[in-house]
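In what follows, structures are represented as structure tokens.
Both complexes below contain chain A, partnered by chain B and then by chain C.
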Partner chain A sequence: MKKIVQGWYILFLLIPILLVVFCSFLTKGSPIDFSFSLEGYKRTLHYGFPFLRSLGYATVVSFLCLLIGFPTAVVIVSSKKWRAMLLFLVILPFWTNFLVRIYGWKIILRQLDLLGTPWAVIIGLTYIYLPFMILPLYSSLERFDSRIYFAARDLGASGLQSIIKVVLPCISPGVRVGLLFVFILTFGDFVVNDLLGGAKNAMIGSSIRDAYLLSRNWPLGASLTVVSTLLLLCVFWIGRKWRSSGT
Partner chain B sequence: MAKLWYIKLIGYFALLFLYLPIAVVIVMSFNSGRREWEGFSLIWYQRLASNTMLADALINSLKVGLISTVFSTILGVIVAYYLIRTRVSKFFKMLVSLPLYIPDIVLGLSSLSLFVLISFPLSIWSITLAHITFCSAFVALVVSSKLALLDKKVELAAKDLGATDRQTIIGVVLPQLKGAIIAAALLSFTLSFDDYVVASFTGGPGSTTLPVRIYSLVKFGVTPEINALSTILFIAAISIALIVARVDSKAFTR
Partner chain C sequence: MLKIEGINKRFGSNEACKGINLEVRKGECFYLLGPSGCGKSTLLSMIAGHLSPDSGDIILEGHSLLNMPPNKRPIHTIFQSYALFPHLTVFENVAFSLRIKGVVDLEERVLKKLDLVSLLEFKDRYPEELSGGQQQRVAIARAIIDEPSLLLLDEPFGALDTKLRKEMQLELKALQRSLGMTFICVTHDQEEALSLADRLAVMNSGSIEQLGTPENVYDSPATRFVASFIGESNILDGKVEGDKILLSNSISVPITKKFQSGEIRGVVIRPEWFELNDGVSVFSLTGEVISRLFQGASILYLIKTELGKIKVLVPVDDDLSPRQIGDSVVVRCTSGSFEVV
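For the complex of A and B:
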């Protein structure tokens, strides 16, 4: 039985992922030719802007989510009576299709004349991925001893100083998980950008989708996927270095 | 901390922010106009009832959702059992938790690569296979965290009293996991029913699911029937959520 279960995941998960890596070294055909080529990787050089846009949005949205998510988690944790109810309120939107929620934003942003701008995309992405920040922050704050915060205040730190210098470092595992979730999800997203942003300002996810489904250039799509994955790994490696040199 | 005015302000604002677009969609579903508010009407609900395109997509989504829920729940529970109650290799652990970490676009395009290379027709069945794979990882996550909390001595007692392995699992382990399995199955259905990204890669003509249909409607025009449909789905989701909250009050906190 264990063999069958393992076999399922090898067939439907591991082999497909290896196929993508394999495809990135092949020649474009219909959909691919089985001859070695680096054409896909050469063409990824033309995708500098989508890569930068994805990185930029992912960075901005991660920090916005932290900025909004932290106070939300604090409000939920410190409400003794309504805690379960407020947590339920954060999770409930998950039960509505996210396309529908994006559609709601489309209506609002059109009224505000923001549709098609980077602001629209940032608002949409922050909205969609905010719960992924709130939930890990909530579970860290639940275990945080609030007396530490009051000690900082007693010793003369302002509210903001105590939060930045004392509370956030104390709950850094939750902060890290939240930032990681939001960064990865935003980086790979193409739906929000497609529906709220301008068609010309592709994020890397849209470029990958188009390579696979529109221009049927699998080696290009596969190369973009491999490069994106490596880029994400680099970002985390730099993040880790920066953190360990900072403390 | 919650006494600081800016924490309060941002915190409560964020909770409202989460419901803002949902509220707009619900209000607009009762609008008699297309874009601007022109007065109350139920016209879009009537139009929805005669929209066969959306009905077909809904049926496809329900088919995919139900079938993949049944199989991913079975698969996920088996995985959870192996993870918690038996010794498994690091490779096995990595493999079964992989869908939790890789973005759904990668799941979608890698599944597409497999199906095309083995000439598996792109249909609701290919979507279902991909859904079973990624939903089962979430089922395993939910069920294994509950299983890890169960007292193993109960199972040992059952075996001491002469129960076979199979009898122990069916008669002792599964009943204790009932709540977690229900919660996991619902999560699995929600993931499958809501999925746009994987379905857009692994689906073919004639297998358009509801999210794929909604996406094309939202992208290419204003179709207020979506507002009506979304309102109905939202109310259905809340009702199910409240029913489950009664069955297992911990189902949502995981």
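For the complex of A and C:
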């Protein structure tokens, strides 16, 4: 069993990553020349804004999803009778194609005169990735003893204080998984931004896609990918630091 | 100190509390006793403020609590299974309410309370690293940290094994006395309520069946429910006729309470109220011993009589010649040793 797991990791995680890392140090050709070059990494320096935009959107959307997802998950957990139905409703949008739903939003956002603005991107991303927050929060809350919340209220904490000081720390595995999902997925997304935000304000996902598919610059695409991955790792490292210093 | 006036609470079609009235005195240990689903926990939640009543009022020292959220009430609760904060150490659990209040100089106060429940050496542990008894001590320390005037306890000993339960009961009772706090406890364990309560209210399906001291409730149960729920009892049914109840054609019992003639009422006789020797009696029954349980200080006999099977408890000292199974005996009910419900 352990061998299978190791084999799985090597085949589907390690080899692809090494290929990308390898590719990022090569020279642009058609598509690549096998000679060493740092050209790809040098050019990533011009991609500061897409990186920042992705980080910014991912941060905002993760916390928005937590803000909306937490009360939603609480409602689902506390309604014994409708629980299955509500969970079904959370998953239901996945049954419709992603693009169709985004085009739906396009119509709504145009009516609201928001199309092409960062708000449109934030709304779209939050909508798309919300279920990835709700589901892990739900599974954590289901195992949470609600008396612990009442104990906090009883000892003088207001509703909000009880949630922040007691409930969220108690369900932190779910919160972390939810934030992780939403952050990673949002960071790499390019479709929502292209369709709702307009292509000129690219997120890093679109830049990577363009590098690989439009300008056929594989080393640049690979460099951008490597830097993205390192950035994500940095974010999680900071998150861990912050968490362990918080408790 | 705490007055509960005409509290009603309904969940859908289920009436959890039906017009409950009671008054808890300062410094007493008051018990709400009843089977599960009788409304006792609902009532406790309403006092704590986690639920609000449909009608009625809850008044603490002259002020209504109804529009006060639970965090503003000067009341703390020890929850069933304690509800300790799993992500905080013992120290931080106990310090919680002081931290919320913004008390800066709290270390000494917390340590003092931890010392009181002899948990000083465990202050840096997490709740999951403690035994059940220790967890309960944390819950106690956490609830008494700012010396609330009223402490609510929801099945406080439910999660402990029998031996530890006795120990903790004695300890908590001593603590209550020394701190002079008012306790309201909820339990379904009649033994616990009888031994710890100063006064108790026996609840059944949303109403209070009887309110009084443990002695009072045990010795003169007001209703059939109280008689059967608290302690062992023989309830013999009979028809009321004037100032008597007929238990059979030849056996009758005089009654002082006013009942309608023709009503069916129960005569409650505790097993230890019967006598197995000769003497004056209100009525006596001849029967046959069909079972015998030695209980250390006393012997419980099950005796088959014309009124059905009757439990009789006889202290070993009084029982000079212990009866054997199959023996024929005379069971005597003396005057004053029965209650009609």
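To be clear about the criterion, the second predicted complex is superposed on the first by the 230 of 247 C-alpha atoms of A that agree within 3 Å, B and C clash if a C-alpha of one lies under 4 Å from a C-alpha of the other, contacts with A are read in each partner's own complex, and residues count from 1 in each chain.
We adopt the following convention: a contact is a pair of C-beta atoms (placed from the backbone, for glycine too) under 8 Å apart; a residue touches a chain by one contact, two chains touch by 3 or more.
It should be emphasised that the depicted structure is a prediction, and the values quoted were computed from it without experimental measurement.
Looking at the shared chain after the overlay, A:Ile148 reaches chain C, while chain B stays out of its contact range. When the two structures are aligned on the shared chain, A:Arg101 is found in touch with chain B, with no touch to chain C. Touch criterion met: A:Ala157 reaches chain C, while chain B stays clear of it.
Contacts of A:Leu92 after superposition on the shared chain: chain B is touched, whereas chain C is not. After overlaying the two complexes on the shared chain, residue contacts for A:Asp194 are found with chain B alone; chain C is out of touch.
Using the contact criterion defined above for the overlaid structures, shared-chain residue A:Trp218 touches chain B, although it does not reach chain C.
Greater residue coverage of chain A by touch, when chain B is weighed against chain C, goes to B. When both complexes are aligned on chain A by C-alpha atoms, chain A residues 159 touch chain B in the first and chain C in the second. Against chain C, in their complex, chain A makes its touches with residues 145, 147-148, 150-159, 161, 165-166, 169-170, 172, 247. In the complex of the two chains, the chain B residues touching chain A come out as 1-2, 4, 6-15, 17-25, 28, 35, 75, 78-79, 82, 86, 88, 92, 95-96, 98-99, 102-107, 109-114, 116-117, 129-130, 132-133, 190, 193-194, 196-197, 200-201, 210-211, 214-215, 218-219, 226-227, 230, 233-234, 237-238, 240-241, 245, 252-253. For chain C in complex with chain A, the touching residues are 48-50, 69-71, 75-77, 79-81, 83-87, 96-97, 100-101, 142-143.
Residues of chain A touching chain B in their complex: 1-2, 5-6, 8-17, 19-20, 23, 31, 67-69, 71-72, 74-79, 84, 86-108, 110, 127, 130-131, 134, 146, 149, 159-160, 163, 167, 184-185, 187-188, 190-191, 194-195, 205, 208-209, 212-213, 218, 221-222, 225, 229.
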